[in-house]
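Multiple structures follow.
The two complexes that follow have chain A in common; it is paired with chain B in the first and with chain C in the second.
And now, the complex of A and B:
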């Protein structure tokens, strides 16, 4: 009895992001049947890929009970590096992006060694990333490297590319974090750091790995965004910080306990990305786009809480 | 490092004032000794806004791990817009305008608590999603808003008493009230108790839910007070007026020596940290640096101060 209750609750948790997405898609397709085409889906989900990558970066941080409030400005910085150095002198660009990932790993080390609250450190870093981006590109501009633009505007005939890309991202992170042995250990540090330390694993190494992964996915997000928008601006992705937290939670991640779900998270991101389109089709003012994302968050978490309460 | 640990644990607010003093000294140095007094007056006037929101954030953070209010910027913007709309530039409508703005604050705070309490949402997500809603409401309501604040409000917000900006005096009084409340009243002691160990507090008979509710409402209320004062001070409301207060409200709490893990609040530190934050930015401004370098240095210095002064001693 007890076991089946836990089982059905976990099934519900896993299914909720998918159900939300399907409901939202159904609403859009009913309101505007012409949206139900490869072209329509490509158009609606065009910007979902960079957000999904940024949210994955956030997921790595959340998995070890931290929170990254700088990912948005970091993605902006990467886009600026891509639009300037990477375009003009690829070697310098690649070195700069590698330095960004390294900086993230060092940030993790600092937070771990000095036991600093990650919220505050990353909030401070958001100024640093933004400042560096403004120094690099004071006014919006620059140009995306041609290969990046071509990669992001690649369109396959019968399948919507953003969906395929989302599946690949979800599968890759799911495999790395949920299926490999070191991925399990990394998540273990979110669950019970003390136990992991006592069984001989280095917490410093785990924290640095997770932050480096977050940096890597932040870099990918910035490049993907640059490929789509073809030019960059320091403020281009500031919204991603809060959006990535919302997407991760919508997808079933928890702030404590190392409980994360890469697949659910990607579904959550797609839902948030579609919220804007749904509003357009419902003829609601775009003023309420952010509000709709907030409302979706509240409704989904309310459902989750209702089920959890009934089961217990 | 070994020397400063006992100092910093004994008087956690010491470092924030030391940092503020250091920033002021450098500022005066860059100005070649001129404008030392003006710098203090300006710092008091602007830091007051940080203090008002910082006090609310401090009480929320003191409630314990995970408690944080991300809706402060949205509340500032909404209450600023609502106040300006209701006042419509008329001196006679100041009182209704202020009341309407404060009502917005109380409503948002209550809504936050509803989400946390009834839906068991983590406070970060609860305040984040309500801030999305409030932000949209502010955009929708404040569209095309170009109302000047009433003359009387503008005069009040920029007036001085014995040379001290009136909003600084207000913020000092508010800080003193919060300080007394936290140390002398049942409610304040309960906030600290919940922050140290919510379950122990509950077993000892503290009404945890009520304490949390009051705290979130107070935090949103302070944010709306800040919104009204800010709109009066800066000649009107705008849709991005709350933006910088997310970082500021959290940073002043942490730099001021309150524990991020909760249970330990520090009221004087909020003032020291707010002064430091403002003086730091004006110091970098006087140097005539570009916007990019200024932002980068602000971030790095904040992190450096936190690394030196903060850092939880091992608790788990």
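And now, the complex of A and C:
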């Protein structure tokens, strides 16, 4: 009985993001059957890919019990770099993006060595990223490199590309973080840092790796967003910060304890992206959409907490 | 120990500690330890709370650097560079008392943390096979799925995983294993499986240090028994030289009884009963009672239900409880000063006055004059050494911070004071002052419930209840109180 209780809880935890997404899709397809097409899904999930990448960046940080409040303005900065330097002189652009990833790794080192709260450091950095982006691109504009625009507007005949891209992102992060042996070490630092130190692993190295990965996925998110919108603006992705946290939590990650789920997180992002469409089909004004996303989050978290309490 | 210096045969390995010391602030955890462990030997290590066993094990495992002394393994002198990695490479493993598994990882993944070699293609399968086989070997019929997350296992299962993990071998050979309270969460049958396995390992030439409060386990399993007390090794002899009684009395050393029997106290037998509490542990048949003017000690080994009882009394003062009845107001002096006691951002005055804000009110506000006078009064009475009470509480030394917490409780209107081992890491002079203060307050009719892990403090009490596994196992009046009796009831 004990065994089955544990089983049912872990199954529930894993299934919750998928069930939420299916319920939402069912609602949408009932309200608007014409959305059930490759074109319809492409349209509804057009912006899901950059959000999914940014949420993966957040997931790496959450996995070691930190929180990144700067990912939104960082994605905006990357988009600005992409729309200016990367377009005009690709070499400079690539170097600048590499420097961004390196800066993230250094932030991780700073947070670990000085024992600073990650929330404070990343909140401060969010203004730094935003300021740099405004200096680079004072008014909205610039242009996406052609290859990037073509890549992001690629459409296959029978399958919705955003769904395929989401599956690839989920599979790649799942393999790297959940299946490889160094990914296990990295997650171990979220579970019990003291035990990891006692086993002789370097926490500095793990923290820097996780922050560098977050920086890398932030860069990918910025480029994906630029490819879709074809021009950039420093404020283009500010709401990604909270969306990424919401997506990760909706997908079954926890703020402490190193429990993360890349697959669930991608499902959570798709849910958040579709929530807007569902409300449009319900003829609810867009003003309410952010609030509705919050409401979905509260309902799902309440469900999870209720089940956890019942099991214990 | 004349035969400790015998020449060593080549296949045999030896760990040799000489003169190891380690201090934490004012507390001397290890005061010069000499210890020898050979391969193929099981050494039982016993001692009362705070004897230094766990500190010694941390030094051996490479997680704590000693302040002084030598650590040699096979005549190789290990200096400051000795670390966890070095220990592993030399085949030294440790199972710590507080579990060190990552809850978010599976059993197999936790095994990987210990073995840098488990990587590359198919590492998950190899890790799962390694830990699965070891679990089957040590605990047949364990029922643990190696793919389950550790957080989903019971405490006993986690302990089994932790033990099995320490015995797994990839490339470096296993030579010494230190088991610190390995059976604390295991039932008798599982503990028996472990001890049988330890004997099998011994036969294969592995050296084992077994630390346990279960003395029968030590006597049945160990070849040699080492007794520690106050950071020193006080005895090291073949296990056959001891029986249970012998071990207990050797641990206790000299009796304190003489010095205390002179302290005559009027027994408060007739005064009203203020607290009645029944520990909720199964098998407990005794009830704790505390009267007005009485100092009641809660003894026994650390974390055997004493704090739980204090907290249940504290809760019962606010809300009715079926097992505890409390007839008066209660104040608690916390044990973990930094976590549960002080408010680090506040001044000394504010920290002292916190429990008595109602008495210092004028209208809806706190009267600063009254607050200052209150703190000043207690500074004089309890002797807090501070330049200015307006300074932050952290400007005080640890002992004086503790005095401020006593002032907070004693200055309040509470008639019952609960103390959760509050004297940890406090110097002797301060302790004496506080003992006197407690006695004075008891004479004025206050009731004290005092959980302490120090034998000396139990002698300050009028009556002592000894706890084991959450139940009361002895109820001793002051004239019956001896260290031996307490130790007997604790084990």
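Annotations for the structure displayed:
By definition in this document, the second predicted complex is superposed on the first by the 312 of 312 C-alpha atoms of A that agree within 3 Å, B and C clash if a C-alpha of one lies under 4 Å from a C-alpha of the other, contacts with A are read in each partner's own complex, and residues count from 1 in each chain.
Here, a contact is a pair of C-beta atoms (placed from the backbone, for glycine too) under 8 Å apart; a residue touches a chain by one contact, two chains touch by 3 or more.
Since the model is a prediction, treat every value here as computed from it, not as a measurement.
Of the two partners chain B and chain C, more chain A residues are in touch with B.
Of the two partner chains placed around the shared chain by superposition, chain B is the only one that A:124 touches, whereas chain C remains out of contact. Touch criterion not met for A:141: it reaches neither chain B nor chain C. Looking at the shared chain after the overlay, A:287 reaches chain B, while chain C stays out of its contact range. When the shared chain is aligned, chain C comes close enough to touch A:257, but chain B does not. By the touch criterion stated above, A:90 is placed in contact with neither chain B nor chain C. Legend: residue contacts after superposition of the two complexes on their common chain; A:194 is shown touching both chain B and chain C. Of the two partner chains placed by superposition, A:33 touches none, neither chain B nor chain C. Residues 194 of chain A lie at the contact with chain B in one complex and at the contact with chain C in the other. Every residue of chain A that touches chain B in the complex is listed here, in rising order: 67, 110, 114-117, 119-121, 123-136, 138, 193-194, 242, 245-246, 249, 254-256, 285, 287-295, 297-298, 301-302, 305, 308. Residues 61, 63, 83-85, 88, 96, 100-105, 109-110, 112-114, 118-120, 123-124, 143, 148-149, 151-152, 154 of chain C are the ones touching chain A in the complex.
Contact residues of chain A toward chain C in the complex are 2-3, 6, 9-10, 179, 181-182, 184-185, 187-188, 190-192, 194-201, 257-259. Chain B meets chain A in the complex at residues 66, 68, 70, 115, 118-122, 124-125, 128-133, 135-137, 139-140, 143, 246-247, 250-251, 254, 260, 290-300, 302-303, 306-307, 310-314, 316.
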